[in-house]
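The following pair of complexes shares a single chain, chain A, combined with chain B in the former and chain C in the latter.
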Partner chain A sequence: MSRPPGRKQENHKISRDLFVLTYGALVAQLCKDYERDEDVNSCLDRMGYSIGIRLIDDFLAHSDVKKCRSYSETADVIAQVAFKMYLGVTPSVSCCSAAGNEFSLILDKNPLVDFVEELPAERASLCYCNLLCGVIRGALEMVQLAAEVTFLQDRLRGDAVTEIGITFLRKAEDRKHKRK
Partner chain B sequence: MADEAIFLLLHNEMVAGLYRAAEQGEGENGRCTTKLESMGFRVGQGLIERFTKDTARFKDELDIMKFICKDFWTTVFKKQIDNLRTNHQGIYVLQDNKFRLLTQISAGKQYLEHAPKYLAFTCGLIRGGLSNLGIKSIVTAEVSSMPACKFQVMIQKM
Partner chain C sequence: MAVCIAVIAKENYPLYIRSIPTEDELKFHYTVHTSLDVVDEKISAMGKALVDQRELYLGLLYPTEDYKVYGYVTNSKVKFVMVVDSSNTALRDNEIRSMFRKLHNSYTDIMCNPFYNPGDRINSRAFDNMVNSMMMQVC
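Moving on, here comes the complex of A and B:
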């Protein structure tokens, strides 16, 4: 059976659909299991953290990134390389603090919510993509960068864009060898 | 490639998370498999719709099963089913000698008792896909030695 030329891209898309659909089914199941939004959010964050600490190995193995020398370089790598590799989108990065340790990634297209129209009324404070926060936090922790990652704005909750805020926390001791 | 990694990690995390919650909660272990299977069912339904948007109509049941074994399995697990057997009376056995979701767990009999947890989602996936193609079925899986596993599909005549 001869395949049409666009098949490979389609397969790629289906793989991504598989991930998005699975994520949706997971959130739906968690909503059934937990009554409070905070429980679902924290569960998603914990799962994301476990995924992040493992995903970083895969990321470093597949990408060619060199050591990042600053927080802003790290944020750029997350946005331009990691997001592109795993979700196919490139959020824009902006630095929002004078100290240079707070960044925000603005996603105008969020593939995770491809099949979500809107949150149900009783789940108004559900952070649908909270897994992403956990993933970023876990991945950064494995490269010795402690960070707090939260959703500053969420299109599903009525805001204009989806914005993820990353705050790098300064370490108490000075590290001699600074890795990525 | 990259796509595979996140799905694999998400799937393993789902299994771990559900079982962890069950341990801390009421301890209804059997429900976890049902939950995973029903999640797989939902995903399978949606996925098969998007996948077969432009494919030609299937001639018969066997054609559908071959589609699942070749195209569907290749797109989801990056390889084809290694062996499809049928008794031509509604029972199909799909054998995968190197099932992607089990390759990272073990290569033999170690952890065999944990293997079914990782197959429930895929059973649901197959059942959901078939359901949206108009076939009502029951899908079970068995593992004798990882990473090879067999999925048994029993077509229910409506």
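Moving on, here comes the complex of A and C:
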């Protein structure tokens, strides 16, 4: 089912409020379905993963990024191109390990939590935007980069900023050796 | 400027009611409860007269010797009732309207919160702060 060629240039924008409310309804329904926060978090992660493995092709088709030579370039592309394209925000990237495989994206504005004032008292350890972690993990896996993505800090849980941590699990040099 | 602010649900039970702590709170609860009849009367009267142009702001519901009660109803039949001190004559209609508009905006923000179920009591800090800002101006 390919799209008709004329549609390629159109930018279909839907209402941002509709998207944010849909995501909120999704999380609220998951909270009703599962009692434990960990179950809700893992369910959001799985959903995000299945979105990510599909979204990566759309991203690579619409953006003009070249092959990334290093993990820090990959993290920069995620922050400056991908987040900008899909969520309209640009988190800042910082590298937090000497080995160069752990990065953190700091979001000062998260559009998904626009309407959520704070988490309900019985859901104190809920990762509201865990879907984003799954999306990043799925997308990276489809370009042969295994990574662990988690929320290091979350404004909804009382921290000062929202911080997503990406840890790349295999070094790129191993792949180059295998090719040789 | 207000001494009591209440948000009443469509089924006429209170979602949020807050008054100045120094006064007898039960008296305000009673005042708000009796004003609901006037609100219903105004809604039904307006409905027959002007079907296209439904005004949300109901205006002065009834004056008592100490207080004046103002009402505002949304399209989803949620009512906002505000009790204002009669001695505060500087309060004009425009100011009351703008206060109700702020209340309505805060209420819509609460409705958009995915964890809020419509019909629950309102437990939001942002809403409390906004109501406090309206009530503290009395002192």
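Everything below uses one rule, namely that the second predicted complex is superposed on the first by the 158 of 180 C-alpha atoms of A that agree within 3 Å, B and C clash if a C-alpha of one lies under 4 Å from a C-alpha of the other, contacts with A are read in each partner's own complex, and residues count from 1 in each chain.
Just so we're on the same page, contacts are C-beta pairs under 8 Å (C-beta built on N, C-alpha and C of every residue); 3 or more make two chains touch, one makes a residue touch a chain.
It should be emphasised that the depicted structure is a prediction, and the values quoted were computed from it without experimental measurement.
Undergrad: For A:His12, using the defined touch cut-off, is the partner it touches chain B, chain C, both, or neither? Pick first, second, both or neither.
TA: first
Undergrad: Quick check on the superposed pair: does A:Glu117 touch chain B, chain C, both, or neither? Answer first, second, both or neither.
TA: second
Undergrad: Between chain B and chain C, whom does A:Tyr86 touch in the aligned arrangement: first, second, both, or neither?
TA: In the superposition, A:Tyr86 touches chain B alone.
Undergrad: With the two structures laid over each other on chain A, which partner does A:Asp39 touch: chain B (first), chain C (second), both, or neither?
TA: neither
Undergrad: Just chain B (first), just chain C (second), both, or neither: which does A:Leu21 touch?
TA: both
Undergrad: Looking at chain A, does chain B or chain C touch a larger number of its residues?
TA: Counting residues of chain A touched by each partner, the higher count goes to B.
Undergrad: Please work out whether A:Cys31 is in contact with chain B alone, chain C alone, both, or neither, and reply first, second, both or neither.
TA: Second partner only.
Undergrad: Touching chain B and also chain C: which chain A residues?
TA: Of chain A, residues 17, 21, 23-25, 28, 115 contact chain B in one complex and chain C in the other.
Undergrad: Under the definition above, what is the set of chain B residues touching chain A in their complex?
TA: These residues of chain B touch chain A: 1-7, 9-11, 13-14, 16-18, 21, 35, 38-40, 42-43, 46-47, 50-51, 74-76, 121.
Undergrad: For the complex, give me every residue of chain A touching chain B.
TA: Those in contact with chain B are residues 11-12, 14-19, 21-26, 28-29, 33, 43, 46-47, 50-51, 54-55, 58, 62, 85-86, 115, 131.
Undergrad: Mind listing the chain C positions that touch chain A in their complex?
TA: 109, 112-115, 124-126
Undergrad: Touching chain C in the complex: which residues of chain A?
TA: Listed in rising order, the residues of chain A that touch chain C are 17, 21, 23-25, 27-28, 31, 114-120, 123.
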